[in-house]
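Read through the structures below before going on.
Both complexes shown next keep chain A, but they swap its partner, so chain B is in the first and chain C is in the second.
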Partner chain A sequence: MTETDDYEHYEAVVVGCGPGGAAAAAALANNDVETLVLERGVDAGSKNVSGGLVYAEESSPYTIDDLFPDFREEATERPTTENYIHNVAGDQVASFDISSLHHHDSEWSDAVLRRKMDSWLAERVHEMTRETGGGLLTEVRVNGLLRENGEIVGVTTSELDPIKADLVVAADGVNSELARDAGLMDWEDPDEWFQGVKAVVEMDPEDINERFGIEEGEGHAHLFSGDLFDGVRGGGFLYTNEDSLSIGTVFHLDSLTEEEAEPHELLDNLLTHPLLAQWLGDDYEELEYSAKLVPDSKKAAHPSPHQDRLVLVGDAAGQMQAQGPIIKGMNHAVTAGALAAEAFVDAKARNDPHAAGDLYEQKLRDEGVMEKLRPRSYRTLGKLAEADPISKVTDAVADSAIGRAGVNLLGPGILERLFSSPRMMAVMPDTRTPYVTIPTIIAEELGERVDADNTVEPPELDDRIGDLTYDVGDPHIELVDNSFEASGTAVTACPVSAKDFGGGCYRDEHVKTNGSEEHLVSLDTQPCVECGTCAVVADTHWEHPDGGKGVEYKQG
Partner chain B sequence: MVDIDPTEHEIAELGPEVNQIDDVDELEAMLALEEDGEDRQPVKTLIESRIETLEADDEAVDPETVDLTDLTIADIANLVRDVDDVDVLEDMLEREAGGNDRKGAKEQIENRIDSLEGSGDEEPTEVEYVPPEEKYPDLDHPTADKQYVEGVSGERYRDMWVYCETQQGELIDVAKEMLGKARELMDEYNSDSDAEGAYGGDEDGEPEDVVAVVIGSDVEDLAEEAVAYGADRVVYHDDERLERFRHKPYTEIYAHMCRDFEADWRDYHEPRYNVFPATNNGRDLSALVQGELDSGLASDCSDLYIENAMISNPAKTGTPGDSREFERVLHMPRPDFSGFEYSTILCIDKPHRDFHPQGASVIPGAFDLPEPNHDREGELVEHDLDLPEEWFQIEILEADQLDEGVDLTGNDVVVALGRGIGDDPTAGIELGVDLVDQFENADLGFSRGVLTASYQFAGHVEQYVNMERQIGESGQVVEPEVYIAAGISGAIQHKVGMDESETIIAINDDPDADIRDFSDYFIQGDLFEVLPRLTEAVEAGELSAVAQEASDD
Partner chain C sequence: MRTVVLTKGVPDFREGQVSFDEDGHLERGKTPTVMNPNDKQALRAAFQTKVRHGGTVSLMSMGPPGYKEVLEEGMRDVYADDLYLFSDREMGAADTWATAMTIATGIEHLGEEPDLIVAGFKTADGETGHTGPQTNWCFDINENLADRPLITHVIAMDVDEEAGTVRAKRLVEGDVSEIETVEADLPAFVVTDGEFESSYRTASQRLTYKDLREETQARADDIDLEEDVTVWNHEDLNLDPDFIGLDGSPTIVSGVDPIPKAPSEREAQVVEPGDEEGMNDVLEAVTPYAGGD
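== the complex of A and B ==
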């Protein structure tokens, strides 16, 4: 008898109670699988950020309301009834209605705030898993995989004794410590990630209805691209909630670091653009500033996201699809979570519960999930266009007189259709061309001047930090190399740090020692919002804070 | 013929080796070699005991064939526990009857048959009590020589006793919390209400008390305090040798108080309930005392309540198949699995063995800290017992108070430095210390920004750069008469640690720094120039003049 035989055992352990974990747990519980769910936040959702529109795809085998019937009534904000994209060049804006892209394959899509959504899900999950002899535990951080003879058999946590299970579902989101521990994902390459930053802005429901020209039960989704963002590849979004707006930006991390851009300033560029004056009015009240990395499934989705008894679902597996400006992570996490559960139930029925991983991989393929995440067409077309010489050429062509003439010739009608083509959007290469150059040209050639006076004064970074809630524990990030060369990028890329700001996580410092001066960075993790950026762009040893510690989002 | 010649090895090496050998012949040969050679007793014992173990294993007996006459009753007791086949047991019974025909042995086998078959429809029969020592004379009885391990039951128990731990001459909070809870429980217990925990007092209708126990040096005042927090009676033992918690004397005293102490009010066998704090010392003491009193203990409880309990375990009821209601049972819930599950522990008498006092240790903070009522009346009882010297064999040579660190509160003046010292951190600290030195009652503090920086400090100032000097939300909160903030921007998390100061003087080269909004004097300038001038001015007794001049910019 080995010592580990004494450890608590469950049929399934689900790590993380975001949409992926909640779906996996619900599907497991529906099949009477004894399931324990571990979530590090004080409450599910207290750590999570999304834009966010939850999509229910017609082609998907599971949607979130299949698993949680009252989801839309209880956990979401407004449904999106109208969708626009705005191409911006200075104060010239060309706006297109892209509802058809949004509605393509969508049964519905609703705006959500993650604190509310996830904590509602968590209550259901707890009720359901209790029935199986398990349950949901919050404030427990899983800090590694439990192995026996080199094989994964469970998890270790910072708060409890190790726990064994026949199935370990890593639904621990982006920067999954479990995926890293298993060697399935690494956090090395900035071009596999986006960084999302968001402000939730308080607004009376009456004002929302009036300013957007909608009624109760209706909502807007607006996307923004063009030269708003100092040449950084990415875009902005604005979604209407019941009594607030979610306004944010999503950028390619490699581009953000190359341009040494300050994410909070790029967000402010959007917030203060004249176009937004009509919606923001004169009484800007920011409830919460938040940020998180987002994997780019085209590059990061693991084709075989499992090992031994471990399966990865959702962001942990890189299953976050950027369909051009449309971001679909939550729906895929739900589908994957449910498929992983299905796979385990099948494997158990075949008397080989530990074979769930292979079945899961097969289901991801058979159900077409993998094709959405890593489209074959992107692998050929998109990648090619990203190769540098070619991307320079397309950029130059688009910006040339011929390109401009093309834009004019095509005219708004065709462009609108092009923007609304899901195929086009799926193969869009990750270069400046589609994100910056073309929208800018479109705006310049076809746009109209917006001359509204935007009076919004977004809060300074120190006030944004000051408004967040923290329960500070031990530092969870260790700076391995504090030279500016190795880790200096984090000073700008960290959403709560900035050049010449002493109150951020990362601060650059010139330190004199024995006559010579060194350029260093120092790190204080107290203001950290756990976005994961510095895990990729700086030389760190990066972990999540222990259960219940760190930032606590109230909106999410 | 042997792999290892013992005479060539040290005993320490031999231990693990010998225990790997499974061949008795080989071991015998080794034994012979050792006897002929070194003939070391420990080595021989080692080998012999290995041989014994192996032989015992070999004897792994088959209940169907074993000669029962070779076995003691204890052996049979052990053997039948693993037999699940009633036929085999019946056969054994026959063999025993045909052999030694020992009553005890047959009983063992019969009991096993009964427990396998269930007691069926038979009328429940009271199990005849035979003290364990008589029943199983061949088994070990580790408690047999303990005079206080009693087969008694049906004794009188009363009162809820609360151990009030002290630290540095004060009752610790959890002691007060427990007293508050005990008061609440016993008030209900003594009442005639309909509540489940209401019994209208003891079995004779007399109210039971909350008895506080205070042990230490110079503790009479604390005994009075215990009354204010809810005790009806405080038994205290005062001895300067008891200044610090010591296992032996504390355990002896506590056990004596609740078992042997003669006082007219203590007209009962032992306390009904004993409640301890689940602190380091409390955990030790609770286990020792409850062990000494031969009772049980539920450790780390998060709640307590008193209620009747319906129990069907025959070990407790004495009659298989019967349920019995036990009264006045202390229910002791404790978290099992990180608070996910709770178990409620009960400490219940057996028919022939008492499990009193019912004992619990309580997690600090589990109950609210009550308000003291200094008008409450209660009886103070000094416990007297000669404490023999041998209880104090362990001498405390040195005691170290865990570093409480730097305490910045209580200073008249605090000089705080921020990242404004970044251009020359060592010089910045020197300037800060110079200014501190001008005041009688002053100290140096920092913003967090400095403490988490990568600055290099020269050795002589490095001692100051210490998280303990951090002022603010995650550091200390200070309210001195004068707070001088040099090179600090005034972030909200810093502000909450100092903005109750009487007078705030800020030195900053940025006229828009947030700290300006909550400073009484704002000196715009380079701290490397301003600090020395301030120091001079204070030396000359002109602080306010300088501040005035500077802020009139």
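== the complex of A and C ==
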């Protein structure tokens, strides 16, 4: 550590210790780069949510177990040994085995819970970076970029004096305040995001084995689409952990807001569907409710994610790939983090450390990462299908006698293969057709009735919120425009608020002033789970709470 | 930097730990002994100095052999490099003056003059706040470590090793409380206030803090109280029994008033949870207050 102008200087500062930050830090430390990692949670993972399956892709230059050799033994739950997609129409269900899509290009994939995974990674990261003269600090929130003569030279934080660095890695996830500060990402368009909501359900390992017909060291991944989400574009998932299940939904944010759907109710639709009765039994015990935005790389992945000494990796750069129903964010964050580190090491070797950004961009392209995130085929085919008149026609055709005949003609075998095609999934347009219409028709035409009695009674929203108690500190979100017109969408879209709920963060109210009545929105940030939704759908001034404050997930 | 911190064991007055007999006298045997909470602030101040400037933090106490655990608690919860206990029968039942004399002599016996001595503001049981300042006074009487500036009610501080000074903020309570900033030459004697707050504003300080916390916890985990606490008796310190312990204490305790029980104006009635009618009465009685009135 050397001091310049009174501020401490580190060779590299990594902001955030999710998979992206952990990978960047480990790769930097492996190359003896003095690396400081700053994480705002009380513990790495305490802020993070994923489904989640971590993938190790064969085609990827870095996987998480390359960088952290004991990762699978120490930090994951169960490997996924079987994968299904269920097309649902009412209580009719057509299930396809999509293991081949799942296993395509994948060395392995394991279910994870983020608190356990990230805190394990963080311990390794601290050990590795401490050797370099840096280390990892929790409960420190980076709140901006430090600039000198207009150029980024480090970071500012809420808890510490400013810190200078030759490389700043923004691995601060979705709603990256650093990416926004640099003007590289904005939080304007709901079209570029998904919202994920999840419940972790306690279950004895023996029960899991019995109910899913598996053994220790085996796991299931189930995906759900069709008419069970009130027409909102997106789907559901269920993954088996060691002694719990992760059950959740991921929806296009624009669709969620258009339909004015309540995210927790859509999750409940899944939890209470007869198909899930066989797995959930009658002893439903929800451990945790959680939510977070997810960028859609097809639209949001920044083609040139760097500026001056700043590089963006992972969700901060929009590098989250939805391959049809399969969601790959963590693996890409790892790859990008390691490539950013590699770029810095190369740049340093050339005596030009500040060229790291350009080299990183080049590596993302050369290693095929950008092509996965923003596939050319989607840019032509998928985008075309999203054009409004076209999407309406395709939807109508699919739902017509011809479409239905097609489904029957193809039959389950070919459909299963189609669903299992990575190429098909990459070009899937973001319209109702693939998410809702086709799965519904498939279920209606080819499905079988499930008549099991699902007795699950999911907790009410206030109980779900009540279980997430924490000290949020000063309000971190301010309503800039509190008219219902500008910010009312948040009342339904916020996963811890609901119309006529009375609790939660967002409420709408009618206020009478001088004879006229105004429709307004009020905000209480106390129950906020920092999902980021209202940063996009409402007119707010949005920041994360300071270090150690706010929601603390135990599962994640 | 050599820093010495003074501490004492006190009854754990926290709810659920402390126990009084029928007459309102503290039952020492049934109440666990813990490190005086104000002394933890003193230790935090010393630890901050260690994090920022390095050196050694020695934690010291005078009391019965059981106080070794109090010293271990300080090592585990805050920080200590080494532990000292002044202990034997002759030292027993000392008032603040005799305690101060013993501790001052103990510090002189270290052989290395500490740059900083830190004590906490008054103990949770005695509440006198004398021992710290009197210890400093005893240095003058002994004339060994004389002329140390004394700074009390410290809420923030830092030393400047090059200049050989300590700067401190002290909370001066009065009709209007104010914060005064003072500077003194090292070596100095500091008494921390209950409001003391350590501060670590740079990443390297926080990283060192993390390292040292891990180290001290590991030391506390491995501790052998017989081996790892240096115990000195009055002979080791060359102290005349007439000047320490009960005999050396000018204070005469004329009596101890029991802590009066809070008068209870309400009569309690026990209702078993199984008693449906009784539970209904309870519900009826509390319902009017349900609105938060």
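For the reader, a short list of remarks on this structure follows.
Here is the rule we go by: the second predicted complex is superposed on the first by the 552 of 556 C-alpha atoms of A that agree within 3 Å, B and C clash if a C-alpha of one lies under 4 Å from a C-alpha of the other, contacts with A are read in each partner's own complex, and residues count from 1 in each chain.
Rule of thumb we're sticking to: a residue touches a chain if its C-beta (ideal position, glycine included) is under 8 Å from a C-beta of that chain, and two chains touch if they have at least 3 such contacts.
What you see is a predicted model; the values in this text were computed from it and never measured.
After superposition on chain A, the partners chain B and chain C collide with one another. Looking at the shared chain after the overlay, A:Leu160 reaches both chain B and chain C. Between chain B and chain C, B touches the greater number of residues of chain A.
In the superposition on chain A, contact is made by A:Val472 with chain B only, not with chain C. Look at A:Glu509: by the touch rule set out above, it reaches chain B but stays clear of chain C. Using the contact criterion defined above for the overlaid structures, shared-chain residue A:Tyr10 touches chain C, although it does not reach chain B.
Contacts of A:Arg130 after superposition on the shared chain: chain C is touched, whereas chain B is not. When the two complexes are overlaid on their common chain A, residue A:Arg449 makes contact with neither chain B nor chain C. Listed for chain B are the stretches 3-11, 21-29, 183-191 or 435-443, of which 183-191 clashes with chain C, judged after superposition on chain A.
Overlaid on A, the two complexes show chain B and chain C touching the same residues of chain A, namely 8, 135, 137, 140, 160.
Touching chain A in their complex are the following residues of chain B: 337-338, 340, 418-419, 422, 424, 448-449, 452-456, 474, 489, 491-493, 514. Put simply, chain A touches chain C in their complex at residues 1, 8, 10, 36, 38, 126, 130, 134-135, 137, 140, 160-161, 163.
Note for the complex: chain A touches chain B at residues 8, 135, 137, 140, 159-160, 462-463, 466, 472, 482, 502-503, 507, 509, 511-513, 520-524, 526. Residues 201-204, 206-207, 210-211 of chain C are the ones that touch chain A when the two sit in their complex.
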